[in-house]
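So, here's a batch of structures to check.
Both complexes below contain subunit A, partnered by subunit B and then by subunit C.
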Partner chain A sequence: MATFIDLLLNALVIGILLGGFYAALSIGLSITFGLLDVVNIAHPTILVLGAFIAYILNTSLGIDPILAGLIATPFFFVFGWLIYQVYYNAFEKSGSESLRGLAFFFGLLFIIEVGLIIQFGVDHRLVEAPYIGESWNIVIGEEIDVAIPFRLLVAFVVAAIATLAIQVYLTRTFFGRAVRAVAQDMMALRLMGVDPIRVKRIAFALGVATAGIGGALMIIVLPIEPSVGRLYIGNVFAIVVLGGLGSISGTLLAAVIIGIAESIVATFFGPSWSPAVSFGILLAVLALRPEGLFGKTAGAH
Partner chain B sequence: MKYMFEIVCLLLIVGIFVLTQVISNQFYFFIGFVILQYMVLATAWNILGGYAGYVNFGSAGFLATGAYTSVALINFLDIGLIEQMIIGGAMAGLLGLITGYLTLRLRGVYFAIATLALAIILETVVAHWDYVGGAAGTSILPKRKPELFDIMIVDRKTGVFANYKEYLFFLMGTVAVLSVWIARYIEQSKLGRGLNAIKDSEEAAECMGVPTLRLKLIATTISGAMMGVAGAPLASYLTFIDPLSAFNLEYAVNAIAMPMIGGTVSWMGPVIGALLLGTAQQVSSLWIQSELNLLIVGVLLVVFVIIAPEGIVGWFRKSRQGSRR
Partner chain C sequence: MVELVIKDLYAGYGAVTVLNNVSIDVPNGQTVALLGTNGNGKSTLMRCISGLIKAKSGTIELREEDGSTIDLTSASPQEIVEAGVAQVPEGRRLFPDLTVEENLTLGAYRQAARATLATNLEYAFTLFPRLAERKTQLAGSMSGGEQQMLALGRALMSDPRVLLVDEPSVGLAPILVSQMIGKIGELSQSRGLTILMAEQNFNQAIRIADKGYIIVHGEIAFASKDATDLRENDMVKSYYLGA
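And now, the complex of A and B:
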């Protein structure tokens, strides 16, 4: 019994930390998909690209991965800017974004993934930092102690700060409010004399820019290989939809739910089942409650 | 002539049969099978993606459903290839129906994400299912000296086909011709027009009395079943199957890229796309590393989606209209 409680407690703690980490991965998509309605299915793969940039900066220059993520952020901002520019001109302007836009992002996902495979191969890569590999043990009782791995704790703290910053930015600043206004009523914004496309472009770039930090956290938490992006699609989309599209606090809560579910399944059934958890939750949410737990309607007619 | 197309289809099947009897170099059947398989896959994808505008990211999941159904059937009953393809198709069709039921009440984007989710869940389940080989995979020995209605099908001396590669090529060729026929039939029928109306505006179609949900369910079922049929002989073709090869992303990407590049508006698009891309990939894989090959497919997909939204077919139509003016 004591071992069961021990396992459960550890799974819960890991799950919560994992949830914070997932929130950092999902926050960008919550902006691009949730608020702007651009189905950036390549987002997890762009995160993997961020992870590889952190890897290069870490192994060649010895830069701390989180710092490397911060350095990469402006580049991802520009990258996102360019993606939206192409996306808008090719699809959104003519209103043909649904089918072709999806295919565009799928192609983008694929190009980045295969490009990374050609460059780095399919081996797992990892970074070095003082907090990786260490953990903090809290002894609670006989046979019950909770281990908190520092790498997850670091990811959790950084994710919490990033999420909070974005939340404040979206609710307190003029531009942040403009982004939410775009999500609510583009036409009204246009009538107020604001160019909604400019707002969307910057917001999209911001969403992609989170891949700098998110990618760095990704490689801190687990070793990376190019195709893991696809597995994270389940996590991030499940979280964004479950959290109610575009709701940042909902995203955080949904991320913790997914994190705990995954961690419990991994503890009691084995980690090879974890992809099925997030994708299963995603399917269930889509089928049963597309409006998410805490937000606006996802897309029912 | 009313039945012109049907006659061409029959002639094609006969032609494919003649090819298996005339050509002795097995290599052509080996790569021909893959190209034909892609043709079925692309045609199936286009019924939903091209006609109705619902993108399926999980083509590999449907294909693998067919493939693993036949692995289970071989282990359990030891039945022949044709039966495997029928049952594999039925299972994948059922899967398509279920997927449709779960997600088609939502906007198309969610359908796309749901299909992807479905493929990965299936892959995880199959990787844990030891009866069909689990994550490590299993090797499949095709049945020796199969017979159909007392006719020896595959035998070096007395069979209709000298070996399995020829038989598989013939079967896949027949399926490819049939699926193109089905796609063309749908395109010209009431179903196709209904799906097209859904693509243009689902609300408007609904208001005009188009039974949108029912049409979409029919489309997901047919599309899924066709993919399953294409996947069923995979294990016999490779003589080995594991989740990695059956759920390969290559299938999902090609299933989208081929119709998109060929043109999604007509049945010809996927056929042209599959012939061009499939042949190019098979031939170039002899001297280019396969990742580079896939990168080219990805780039082509993106470029075509941006600059030639109607694909090669649309391109030709446009230039023909232009010259008429």
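And now, the complex of A and C:
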């Protein structure tokens, strides 16, 4: 019995921390896909690019990976700006974004991935920081103790701060409110004196900019190789849909739910089952509650 | 003091010309009705004034008291809002997934209106107390009448000098139509707004109009001299009422 409680408690704690990490990976997609209706399927691979930038800065200059992620953020903002510019001019402007746009982001995914493979090969890479490998043991009772790995704790804290900051930005500023309105009615926004294309461009860039920090967390949590992004596609889309398209706080909660579910399944049924969790939840949500946990029902989606 | 002057305007979509040689004058502080049934070009004219579609030829100008003019003909929608022209679009076009308060706040997006946000919000809530009661509710979950109040309130949040109102009566019960038209009349009195209102409902529109135009197939078929002329001229009946 003690062993069972010990396993369950540890699975729960790891699950919550893992959820924070997943939130950091999903938050950018929650903006680009959830709010702007741009199906950026390349998002996880852009995160991997962020992970490799953290890797380079860490191994060559000894910079802390989180700091490296912060340094990379403005570059990812510019990268996102350029991606949207191409996407808008080639597809959205002529209204052909749905299928061709998806193909565009698939192409982007493979270009980044192959570029990374050519440059770095397919070996797993990792970073070094004082908090990686350490953990904090809390003894609760006889044969029951909870281990909190610092690398996951760091990811959780950084994710919570980033989520809160983005939530405040989107609800408390004029520009943030325009971002939340832009997919609902572009013409009405024009009548408010807002240029909706500029709003989308900046918001998309912001979503991609999260890959700086998100990528750094990715390589802090697990060693990575170029094609690892594909493993996260199911995860991040399940989280954004479960949270309710466009709901930032919903994304955080959904990430924690999926984190806990994966962790418990991995503990009791084996890690090979965990990829099935997010896809299972994604299917269940689409069938039972397509608007997600915090989705709006009155909307124009 | 500002006057909206439209001269010899031609506009449309792609190769199709909808507006043919339209000239309209909205004097300062007056409420001008643009009357006509569906599909005669009222909304096209409204969109053209707001810069959503470009004029093929002709001019749209704001004339200031000091005699200077602001040319809106080729201005962007943002520049037109900055110049003080706001529109309540046909079908209301609210942001359904945002709250009442967020919809109103978005109306104050232009730089000049941000400073007076609190005052304007207060004014919108005084004009429509129902909006104050429902400020945290999602716009999409409100009734048609409440949505029209919100659309009008949102346009006022930009602190406009010229207000374009496109079909405020559409989809509303007769009693609400009468209230809404009454509010628009009140606005022109209390705020000195210069208003161009497109409307199908002739009897309601003439209640508050200082003068009116009748638009048929994209052309101005009749321009009244004043309010009395609009109510009593036989031409109005023949064009508009088909009598």
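Heads up, the rule we're going with is that the second predicted complex is superposed on the first by the 296 of 301 C-alpha atoms of A that agree within 3 Å, B and C clash if a C-alpha of one lies under 4 Å from a C-alpha of the other, contacts with A are read in each partner's own complex, and residues count from 1 in each chain.
Criterion: a contact is a pair of C-beta atoms (placed from the backbone, for glycine too) under 8 Å apart; a residue touches a chain by one contact, two chains touch by 3 or more.
All values derive from a computational prediction rather than experimental measurement.
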{"item": "Overlay on subunit A: subunit C relative to subunit B, clash or fit", "value": "fit"}
{"item": "First, second, both or neither for A:Glu143, with subunit B first and subunit C second", "value": "neither"}
{"item": "Partner chain in contact with A:Trp273 - subunit B first, subunit C second, else both or neither", "value": "first"}
{"item": "First (subunit B), second (subunit C), both or neither touched by A:Glu128", "value": "neither"}
{"item": "First (subunit B), second (subunit C), both or neither touched by A:Leu231", "value": "first"}
{"item": "Per-residue touch tally on subunit A - higher for subunit B or for subunit C", "value": "B"}
{"item": "Minimum Cα separation, subunit C to subunit B, after superposition on A (Å)", "value": "19"}
{"item": "On subunit A, the residue positions that both subunit B and subunit C contact, one per complex", "value": "298-300"}
{"item": "Touch list for subunit A against partner subunit C, complex", "value": "174, 177-178, 180-181, 184-185, 187-195, 246, 296, 298-300"}
{"item": "List of subunit A residues in touch with subunit B within their complex", "value": "39, 41, 86, 90, 96, 98-100, 102-104, 106-108, 110-111, 114-115, 117-118, 227, 230-231, 233-234, 237, 241, 272-273, 275-276, 279-280, 282-283, 286-287, 290, 298-301"}
{"item": "Residues of subunit C touching subunit A in the complex", "value": "50-52, 76-78, 80-82, 86-87, 89, 93-98, 102, 105-110, 114, 138-141, 154-155, 158"}
{"item": "Touch list for subunit B against partner subunit A, complex", "value": "49, 53, 55, 57, 102-103, 105-110, 112-114, 116-118, 120-121, 123-125, 127-128, 135, 199, 202-203, 206, 249, 253, 256-257, 260, 264, 289, 291-292, 294-295, 297-299, 301-302, 305-306, 309"}
